[in-house]
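Some structures to go through are shown next.
Same chain, two partners: chain A is paired with chain B first, then with chain C.
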Partner chain A sequence: MDTLYLPQTQRSPLVELDAANHRLRIEGESYPEDAAAFFGPVMRALDEYLDAVRERPPARELIVDLRMLYFNSSSAKALMNLFQRLESTARDGVEIQVNWHYDADDETMMEFGEDFSEDFAAARFSLCVSDSHVT
Partner chain B sequence: MPMASEYFDFHQRMLGQGVIFSFVGYVSEGILFSLGEALKQKMRLEATDANVTKRVFSIFVEQVQNIIRYSAERIEAESGLPSEMSSGMITVGHDETHFFVVCGNIVRRAEGEELQRRLAQLAVMDPDSIKAYYREKLREPSEENSRGASIGLIEIARRSTRPIEFGLTDLGDERAFFCLKAFI
Partner chain C sequence: MSPEALPTNQLPAAQEAYSLYAHEEAVIRQAEEMVDKLDNVSGGVRALADAYRDGYRETARLVRISDRMQLDLHEANRTLREQAADLKRLNDALHTEIERREQLEQELRRIASIDELTGTHTRRHLLELGEHEQRRRARHGQVMAALMMDLDHFKRINDGFGHAAGDQVLRDFGFLLRSSLRKGDIAGRFGGEEFLALLPETDLDTAQAVAERLCERVRDNRTLWKDQILCITVSVGVVAVLPDELLEKAIGRADQALYAAKRAGRDRVVVDHPARASG
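Showing the complex of A and B:
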């Protein structure tokens, strides 16, 4: 399976799904004109990847790194969909580690991280606070 | 009154009310982006607390996207391309104590009444209930025809630091002017 790579734009985050190395990375701001249109291809690529690893669980875990600065409510809905897919795959026996990175000063992203953490049981979810400002 | 004085008067009155910017006309996603950038820039220059800036920006985005989605004056693109233009007004400012974001637009009366009903429901909730309601809505499958508005309204309520003010003025012919003012 190929790597999916969407570069960061002014209104949409960087998305990289590196299937060979079992890494997913989403970083930046997300308030695209049409969240469904933006996240649609991401979900399709992810589904394809998750189906493959469910079929044949890899020796190493899938590591998901999220480093969001801002997202609107439609993007929150998309992230929730993504997390539900990860959790259900983990329940089927695939090892998944989700890292939610946020800046120590960022109350909103910390709160979202705490919120999302409650949706994971089979997959591991870690809050990763950093002191450096990412702008 | 000479033209320049008339507009200077208008300009001064707006500034007197603490207006940072005010926009009336067709609202598109492009305008949302540009006004949003201007807003962030202005708040950065004034060294506004980054968390306050994020709250104001978030409320601004949800309100403007609501106008784009719900305005009854939307011009449907003949080509079917996503070039929605919705007529509305957006005002962002700062009064003695709070930032405020006001949005108004013409809606179908039934839609306006539905918006009021949802806002009245949010108005009686405390912050913890709003947070729990947001979590609940986020986990629900998307509602048909809603185009995500209800979660947007909850986001506005969640980021507000004072109760949201809202109202509807009947324009007859099944239309009404809907207005929402949020404070941060």
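Showing the complex of A and C:
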């Protein structure tokens, strides 16, 4: 399966789904003009990947790294859809680790991470604080 | 065998034909079918409730996220407003400071360009104005005259009555010089008691007349110093500044004419005529 890579733009985050290494990475700000158009291909690729690992769970866990600086409501909905897929896949027996990264001085992103964490039971969700001046 | 006994033994076959309990059985069947249907419906209702609960939870979260972002925006706006107000205050202070400095600069320029004692230009400013006038006049081909003046035996005033008396004499001479010239003429203190006047658009004869008149007024002037009267005279060298001539050179010629006036006995005007200048 191919790697999906969308470079970061001013209004959309970097997205990288590395199927071979079982990693998903989303970083940056997200307020695309059309959130459905932006996240559509991401969700399709993810669904394809998740279907594959459901059938043959990989030896290593899927690691999801999220490092959001800002996102609008439509992007929040897309993130929630992403989390639902991850949680339901984890319920089917796939090991999934979700890391929610935020800068030490970004209280907003920390609170959002805490909020999102409530939806995870089968998948592990971790809040990862990083120094604001270290990227 | 009574007809009533038959259905008990042959219930399935007789059912369609006749049954005493056909109605009850139909009601039971109907009820059981309805329970099946209810089971189907209740599953649908449960799915609806689940979907609604999921949607409700998502909506609640989205509202929380929106509220939080609005709060951030609101705080950012307030910060921006405060910063804008700070900037405006700084800007106002800066403008005040700029005005103050401009006034200071103007004052400094005035100090640098005007000789406080005589009210005439300083040497540096006089030469600047002179160069400018010479360039302007080279373009328009107009005549210009230069007067070099030196107060006669000024040292005697300083030595005899003190520097303050000398200053008063210089002040009076400054007034006489300025009032002898027209608007547009440039006069300045060249050295201690040495003065230079540049008269644009003035021919040699007119310049000589101006110089003679100044000489006369200085001679007639009485400077009151404490209970004494101070008298002084002035020697003047007059030249026509030639077209394309360096101002410096014309001043040198005026200086020569001034010394000629000094040698000839002071209190007079010596004109450096072009014929002699070129010869």
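Rule of thumb we're sticking to: the second predicted complex is superposed on the first by the 133 of 135 C-alpha atoms of A that agree within 3 Å, B and C clash if a C-alpha of one lies under 4 Å from a C-alpha of the other, contacts with A are read in each partner's own complex, and residues count from 1 in each chain.
Just so we're on the same page, a residue touches a chain if its C-beta (ideal position, glycine included) is under 8 Å from a C-beta of that chain, and two chains touch if they have at least 3 such contacts.
The structure presented is a predicted model; accordingly, all values stated were derived computationally and were not measured.
Participant: What does the overlay on chain A give for chain B and chain C, a clash or a fit?
Facilitator: By the criteria stated at the top, chain C and chain B clash after superposition.
Participant: Now for A:Y31: first (chain B), second (chain C), both, or neither, which partner does it touch?
Facilitator: Only chain B is touched by A:Y31; chain C is not.
Participant: Is A:R11 contacted by the first partner chain B, the second partner chain C, both or neither?
Facilitator: In the superposition, A:R11 touches chain B alone.
Participant: Between chain B and chain C, whom does A:D106 touch in the aligned arrangement: first, second, both, or neither?
Facilitator: first
Participant: Quick one: chain B or chain C, who's touching more of chain A?
Facilitator: On the superposition, B touches more of the residues of chain A.
Participant: Figure out whether A:D115 sits in contact with chain B (first) or chain C (second), or with both, or with neither.
Facilitator: Touch status of A:D115: both partners.
Participant: Once the shared chain is lined up, is A:M80 touching chain B (first), chain C (second), both, or neither of them?
Facilitator: Touch status of A:M80: both partners.
Participant: Of the stretches 74-82, 128-136 or 164-172, which one of chain B hits chain C?
Facilitator: Looking at 74-82, 128-136 or 164-172, the stretch of chain B that collides with chain C is 128-136.
Participant: Determine where on chain A the residues touched by chain B overlap those touched by chain C, and list them.
Facilitator: Chain A residues touching both partners: 72-73, 76-77, 80, 108, 115.
Participant: Inside the complex, what are the residues of chain C that reach chain A?
Facilitator: 58, 61-62, 64-66, 68-69, 72
Participant: Quick check on the complex: what are the chain A residues that touch chain B?
Facilitator: Where chain A meets chain B, its residues are 10-11, 31, 33-35, 70, 72-74, 76-77, 80, 105-108, 115, 118-119.
Participant: Across the complex, what residues on chain B touch chain A?
Facilitator: Going through chain B, the ones touching chain A are 29, 33, 50-51, 54-55, 57-58, 61-62, 65, 82, 131, 135, 138-139, 142, 148, 151-152, 154-155.
Participant: Which residues of chain A touch chain C in their complex?
Facilitator: 72-73, 76-77, 80, 108, 111-112, 115
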